[in-house]
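Okay, got some structures for you below.
Same chain, two partners: subunit A is paired with subunit B first, then with subunit C.
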Partner chain A sequence: MSISTAPRRPWINPKALVMIAYIVFLLLPIYWLINMSLKTNEEIISVFTIWPRHLTFANYKTILTDPAWYMGYVNSMIYVVQNVVISLAVALPAAYAFSRYRFMGDKHLFFWLLSNRMAPPAVFALPFFQLYSSIGLFDTHIAVALAHTLFNVPLAVWILEGFMRGVPKEIDETAYIDGYAFPRFFVRIFMPLIASGIGVAAFFCFMFSWVELLLSRTLTSIDAKPITAVMTRTVSASGMDWGVLAAAGVLTIVPGALVIYFVRNYIAKGFALGRV
Partner chain B sequence: MEKTLNQKAWFLVLPVFLLVAFSAVIPLMTVVNYSLQDTFGNNKFFWAGLEWYTELLHSERLWSAFGRQIIFSAIILAIEVPLGVFVALNMPKKGVWASLSLVLMALPLLIPWNVVGTIWQIFGRVDIGLLGHTLAALGIDYNYTRDPLAAWVTIITMDVWHWTSLVALLSYAGLQSIPEAYYQAAKIDQASRWSVFWFIELPKMQGVLMIAILIRFMDSFMIYTEPFVVTGGGPGNATTFLSIDLVKMALGQFDLGPAAAFSLMYFLVVMLVSWVFYTVMTNLDKKAGY
Partner chain C sequence: MTLVLQDISKTVAGQTHIHNTDLTLQKGTMNVLLGATLSGKTSLMRLMAGLDKPTTGKIFWNDADVTGMRVQDRHVAMVYQQFINYPAMSVYDNIASPLRLQGKSKDEIDMAVRKTAVLMKLTPHLDAKPLALSGGQQQRCALARALVKDAGLVLLDEPLANLDYKLREELREEIPRYFEASGAIFVYATTEPEEALLLGGNTVTLYEGRITQFGKTPEVYRRPCDRITAQVFSDPPMNFMAVQKAGSRLNFEDGQSAPAPDGLADGHYTAGFRPHHLEIHRRHKTEMEFKCRLMVSEITGSETYLHVEHKDERWIVQAGGVHDVRSGDALSVFLDPAHVYLFDGDGALAAPAGFGRGA
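Take a look at the complex of A and B:
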């Protein structure tokens, strides 16, 4: 007979307590934004309420019925999607080359790519404005998408290269012996193997393009104005319309939340850039 | 993995090379060009040589922005890295709760940066914000638009709120890769919680922590949108970091020459520090047998 010496489990798991405290800290400001978006402006300014007394969806209605507002979301989505497609299309072959071959200047090229991820967007704001104006792309979605490739392509290459390292080289060699040409091998065999890596890279490109303001604001004026810029400009037009501002903020969180949900199982590995 | 020498691999990297050359090299050349010239408008430029650089190197404004930037990056790294590791150690390892905490923790990372600013601008306001109102009710004098200290506290809290999850998720990924056998061996040796952390968990997290520090350093060093929305660089110049100062100079006052010289020096500093991190990181990769 053995005597159990294990200590009794405490009533509350201290680990859970830490997590709850941290997540409450994360969610409280977001809750406050949602709370405000469901109030009328009078309620926001006149009384301090922890939850809305007079629940209203008028703020959301304003945004979803006014083209000046909702086109902001459409514009943002358009250039974000364009950016993800362009970034992945060029990053995939490059990442393969970096993960499989040595070639002249490979290390320098890799660091040069990364150095663009390190470049402060503020440095590029003015030259981009002039570059895209001079080739007639100012205020188009593709201009913003191209500008964002500056930091998204290096990141995509970095992430994909990390994932591709994990695929044994024997797979490539077997496929070549079986008579696969490179393009067919790459699309049919290799890409499915690193599908989660592609998903994670797409997620990151989406994320950094979606959250960026400085470049997208500088490169657009009317036709391609992103929601983030719409928010900063409309705010000061007729005093502070707190309710609508909060509602617009809440709506910018939704796409991100949806995307996270889809990649939740790969998030941790993805943030480690495939290097665990 | 042993890599084979193959110069044809250049064809695979060519698209990336051309694209990045278009969106990085051409603008950068413009910047170099401006930084060496002076203009009085009308698109007439005069050769200025290194004048702007020497002027900036003696400029009080640049150095104080630089100082604030260093202090800011140091503070947020000192808070976010230990806190992120601590949170990661407390995360559930698998199951529904693990997925749920991953999703909730990643949420702040996906919020557009100006909305992050807006959230904290509202949250900290004494009249309509939960934080500001609560602090005022407790009798604490807190006003981030007037008091530089309050502005700094707000911006640092905001950054911790925004980015600690990144460090936590990275560390979590590192922890997940530790085989269960390691913990069992430690248990047999009756290792303390502290030595498990110090000799098993921390070394295994080293690689991902370097990535975390690299990313957090780069991004905090070029922070623009969030403090701009919350404080606009104020009160006075208290929270004017390098990017805010640069945008003021380039797009606000249209001082092309000094702004361009500023840009280049700024870029070089970021690159230098990142290069050091990157070298350390690739050496760790090699040690790990990649």
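Take a look at the complex of A and C:
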């Protein structure tokens, strides 16, 4: 018997319909942002259009040619990269110590690290501002990078410790017996084993630093002004420059989207802090 | 080359893992550390390797004190029960890594790696990553790394315990052959008496962090110095029964008796006999009969383990062939007095079984 008597399928699966609706709602704001970025200001304000009537790239051109705009991206990139490098350089040895050694108060210290993240960044805006101003770090990239490590180092330690715990201690010992000194063992043998953990930790550091607004705006004025701060301060004499703002928004999403794309396979493990 | 442990002990967080121990291992010998789990085999090995520092005592390698020396400078090799390789490197790089650290030339390394790979049957897998290999091949890779190093002291910590039994038998035969030529001191930890007998050499029996006996493997098996050693070196464990020596007779329970060995003082003793010396059919007239009750029977292929109860003691009878008996049945077991060890009140060996017969 063949299965020719199977009921005819409806032309569209109702489950798919729900999914499509969900995705539409999710993507609507992003679509609208892109839509706006390709319109002129008159069109944005005066009429309701689903897609641009007068397609224009002038908004993007403004951003990519005006230093006041594109330096925002450059500044953001500089302190984000600095922050990721510092956070990982500090967190890797710390996480190794937590995963391999028992010492007095290790569990409390470990928890205390995470509790650092319970305070809102606003709490630290004032002390950082005053401290950096008095030691001449105000409006530098490293100032923002250092401020962000306060939140990123604990997170990176937690993530990396989880990954490191998954590596049997016998590998360390075998390496020592084979003659590896600690630094060489750490770089040549240990780090490749937790490469995905390092990637995930770097991703979380990147994300926090990239989207954080309050500290980066407070600690900078001109030279290290990040893109998020530039965006919130763009109100000209003729009112809001809607199209340019929208284009800036689109360009701000891009780096995050790219990074997510590259680490998408490890994110789940990262969210579980490596304890999967 | 000798390894001397002088009055070594190890205490961790108030718990004694190794009690004061003296041990001397000679060049080119296979030394089996035999003991149950938690008897201190791994602790002792880690002290030998230098991974842990002894709480008291000194360790000498070729008469030089190496007690506090870094493990990197100790020229030891170690293989763990888990298959430990460097997952990020290929099998070739795994084997080559100790040589690279010794600063050997590229050709020298290549030659040594390929030679070892042939020996360990890893040649087709040299480019693979260790985790892509089977368990047996992974352990071979670990063994190859230990072998290629040409260390003076090779420590094998239950290297075959995680392998299935076919592979285990194969590697158990191969391991001593691979390392024989190197002339190194071998230390091989195992929980199985059978493995110790197969490997030969010397045996160190361990019990609760103490060395109970050290000697040639057959010697330790035939003349265990005390009750505990006899128990450790017997699988299934040795059976025991109280006996009394009076005059020229040795009185067992159930009204059985046998001629007593010469030169033994009158008094109470514990008789020990191995499970495979208990028979369930009478073979000789001299055999003593004990009335027991069967508790459990386990059939393991060609043999049957009968767990029987005799008065308050539980014994295990290792009977050849498959026996169909029901739990709760009354059962007579027979024992030739020639197979009986006698231990005194402190557990020390008072009289061994007739030479070769107690084994």
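Convention: the second predicted complex is superposed on the first by the 251 of 276 C-alpha atoms of A that agree within 3 Å, B and C clash if a C-alpha of one lies under 4 Å from a C-alpha of the other, contacts with A are read in each partner's own complex, and residues count from 1 in each chain.
Please note the rule applied: contacts are C-beta pairs under 8 Å (C-beta built on N, C-alpha and C of every residue); 3 or more make two chains touch, one makes a residue touch a chain.
Everything quoted here is computed from the prediction, not taken from an experiment.
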Side-by-side fit of subunit B and subunit C on subunit A, or clash: fit
Which of subunit B and subunit C A:192 touches, first, second, both or neither: second
Angular separation of subunit B and subunit C about subunit A, which is computed from CA centres of the superposed model and rounded to the nearest 10 °: 90
First, second, both or neither for A:45, with subunit B first and subunit C second: first
Which of subunit B and subunit C A:180 touches, first, second, both or neither: second
Which superposed partner A:78 touches (first subunit B, second subunit C, both, neither): neither
First (subunit B), second (subunit C), both or neither touched by A:111: first
First (subunit B), second (subunit C), both or neither touched by A:170: second
Contact breadth on subunit A, by residue count: subunit C or subunit B: B
Touching partner for A:146 - first (subunit B), second (subunit C), both, neither: first
Overlay on chain A, subunit C to subunit B nearest C-alpha distance, Å: 9
Doubly contacted residues of subunit A, that is, touched by subunit B and again by subunit C: none
Residues of subunit C that touch subunit A when the two form their complex: 49, 51, 70-72, 74, 76-78, 80, 82, 84, 86-89, 97-98, 101-102, 142, 145, 149
List of subunit A residues in touch with subunit C within their complex: 168, 170-171, 173-181, 189, 192-193, 195
Contact set on subunit A toward subunit B in their complex: 14-16, 18-19, 22-23, 25-30, 32-33, 36, 44-45, 48, 50, 86, 89-91, 93-94, 96-104, 106, 109, 111-128, 130-131, 146-147, 149-150, 153-154, 157, 165, 169, 207, 210-214, 218, 227-228, 231-232, 242, 245-246, 249, 252-253, 255-257, 259-261, 264-265, 267-269, 271-273, 275-276
List of subunit B residues in touch with subunit A within their complex: 1-10, 12-13, 15-17, 19-20, 22-24, 26-28, 30-31, 86-87, 90-92, 99, 101-115, 118-120, 122-123, 127-131, 133, 161, 165-166, 169-170, 172-174, 176-177, 207-208, 211, 218, 221-222, 224-225, 229, 242-243, 246-247, 250-251, 256, 259, 263-264, 266-267, 270-271, 274-275, 278, 285, 290
